[in-house]
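Report on one structure; see the data block that follows.
Chain nomenclature is as follows: A, B and C, assigned in order of appearance, with residue numbering initiated at 1 for each chain independently.
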């Protein structure tokens, strides 16, 4: 149980009403019971509050908490931001540890920091340096020579290969992979793909030939405060490291190819795929399922809507959408035109240039 | 070996010919040997039957099995449906068990039902309740306090986090993940993404700022008879559970975000990505690589073709396609128009409004 | 350290200058130190060479290495191809082995070839045949009866199910899955999906009904020299094997459905999704995020650009792009037309058929 006055101090909220109330957990307004703190970010939630049984709530600045039937309120200017601090305080963690489980295998030549917890069947290789406060789940693998900072959390089944360097407070969700080999192959002579890229057409001929594998001799370098989602992969570089800057967050099922250089404070949503040798600036946001072609450069502060396919360089600050990516407003205009296109073409073909203003074809 | 008369009774087929024949396995008509049951769902397979050496076959209602050279036949109205029962009977399973492998770690405070089989290196946490008849493969992790129903099958490397509730007969393919943290971050002030969503344009400025993490305090609740594909993930909720209704089947490499509420008897094909806080009704079918934006509502019985991108709510019963999703017939008309568009624009630009009826540009 | 004359002989390069120099690793030209071999594939890298401190480099045929300030050079006609042999020679491998780790579980009824290395917590099932020279990482699972050729490398967490046959020199990146069950379900009566496929519209009605599971009784057969990326999945077949031909390379997070027949020397980039029962010829290249619908046939030597959605058969040799896939040149013409479309429609609506030659809207 957490006293409201303690929570208010911890998350920087203004407390009104009974600070001596204690709450057990946070809850949606309609689900909240008498021991829960209801989360009501704006006035739209007032009705749901009434349906629940909360005695206390996290509310928007200016809310009339007494009129809402509450006994106490935590008032904040930006409730969603306050939720970050609140949720961190209430999080009980994944229950790893303490200490090194007897069924874990830690190489005698590995260095494990203070207070590290290592779960059963984890394998920590020779020469690994693991900072203090690490929480390593069951079945995690850390390859030889890899260095990892302090206070990291590697969930069950995470694979960190050899030759990787990771900063502090790294979080990897279950079964994520860091340091798989890059996908890099070459044919003895110019291949059909190279020819097709040059000519953008079928004509190009090439004799059948097998692929030769280019081994990945580089590693992966990840800055502080990075999160990697479940079942996401960051490949090692060919002759240099693949790099992910500090503060960058990566969702589930994301692929980051070899040799990529990713900046700081980026956010890549689920199913994003980034090919090899891509450069991405700081604070770049890629929506779900965005794809990025190889050797592309993306400037700082670019925002790409879900499903965007980035085939060429994007200047900094651009908000983009579509396949191929164009400015979001351009794509929205194209989408609007597309819905009207079949009827438009039919009318023009019949010599009628009048185009309906409204589209009812959905 | 399985006698044909026994199979007929088990799958509800009408037996004709020699019920005393025994078969070893089911096979494609052309591959079938004398000990196989050939699967020939309709008359198109007659020629392939002749190429194989089957003595017995599962056939469509009304087939003249003697003219096909067979000694026995199982006749059914809907052969593909009969295949479900047949394949269940012939499946030898993944060979887990019996019993708890000595190299598994089952917490003393876990409750394991009767006849459960648990493979080597599985880790079953404290307070876990595992129903009778469970088959738990090697390297599976089940987090503390998670409750799982009867007769489930968790293949190798599956990760079920703490605080998850799962019904009966759940199947999870290898390396699937249930209960990873949601992907939820917030900036101290309005971010460029929020600004871009509001204005749909580049103009919006925002000072550089780091992301604060919102921890996931909710769990995951999964109904009876759900299947989760290899390398697929269902994230836990923020302050309430992510929910998947009974009878819903999920293919490989699918992502289901935090707080989603998924109905019953849905089918999500490979590489589907569903963002956070999405509501999906019953019997919804999403084809391969469909993407769904956050906070979207999808009604019952919606069918989305492969690659559809759902950015806004979809009323029940709609059959949709495209990016952004529109009615399938609308998208097909748009696709047809698009193939003719370059030539159409050229002709109009030259003052010739006559548009060819047939498109030869593809 | 590796002497240059030995490297030259091993990779078939022409050595000029000091063959007695030794190098430690390969490096990008600007990063290269005095013990590194700089990789400079063409004259564009000359300036970067000057920024680094390399004494030796791998250079394009005809390069004036002395003018570049080097003491030795390896000259090759196709530097990228030479990099394959060079990187193979310099690769130190993932550090598995030697021998069978005492914490691995190898069934007494499994056959393990000479010089095989098996990491901790690996599980090798009954009846498995594993060829000589295998390197099996930690936490790998190989199911009962599976046969695997010589000199394979299975990285940490790879899952190979029962009943799989794999050739020589197979490489699987971490957490890849071979032999999960196919995704195959059927309803008792015609479903809404079947109806929608037939009519391509909403109208089709179907009573609510649950899915019956078709079990996968087939296996997976993989030829020699195949690579499977991290977190990629190949499903087993329904009544026959899913097949991947020799020399085919598959990137990360790729899904290959049940019953697919994939040819030789193909290359599938990241996030590709291939539905069930697809036939693909030899030397087919699918760019990132390509999706292929079920039962589609793709001929030899097809190249599909990133994001292409293949819904219908593709004749051999075709270079395709778009959704739905058309010839690449057709799609590029459509893309160009689309950027001009909103303004074009507006002008036509206003009776002005003059279309600007240049598009400034992007």
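In this section, contacts are C-beta pairs under 8 Å (C-beta built on N, C-alpha and C of every residue); 3 or more make two chains touch, one makes a residue touch a chain.
On a predicted model such as this, the values are computed, not experimentally measured, just so you know.
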Proportion of interface numbers common to chain A and chain B (over half same, under half different): different
When chain A is superposed on chain C by its C-alpha atoms, the rotation angle in degrees, nearest 5: 120
Averaged-CA centre spacing for the pair chain B and chain A, given as whole angstrom: 23
Where chain B touches two or more other chains, by residue: 121, 139, 157, 175, 231, 253, 271, 289, 323, 327, 338, 341, 348
Complex interface listing, chain B residues touching chain A: 105, 121, 123, 125-126, 139, 141, 143-144, 157, 159, 161-162, 175, 177, 180-181, 183, 185-189, 192-193, 196, 200-202, 204, 208-217, 231-233, 235, 238-240, 253, 255, 257, 271, 273, 275, 289, 291, 293, 309, 311, 323-324, 326-327, 330, 333-334, 336-338, 340-341, 344, 348, 353-355
Complex contacts: residues of chain C adjacent to chain A: 25-28, 31, 39, 78, 80-81, 83-85, 87-88, 90-91, 94-95, 103, 119-121, 137-139, 155-157, 171, 173-175, 225, 227, 229-231, 247, 249, 251-253, 265, 267, 269-271, 282-283, 285, 288-289, 301, 303, 306-307, 317-319, 323, 327-329, 332, 335, 338-339, 341-342, 345, 348-349, 351, 361-362
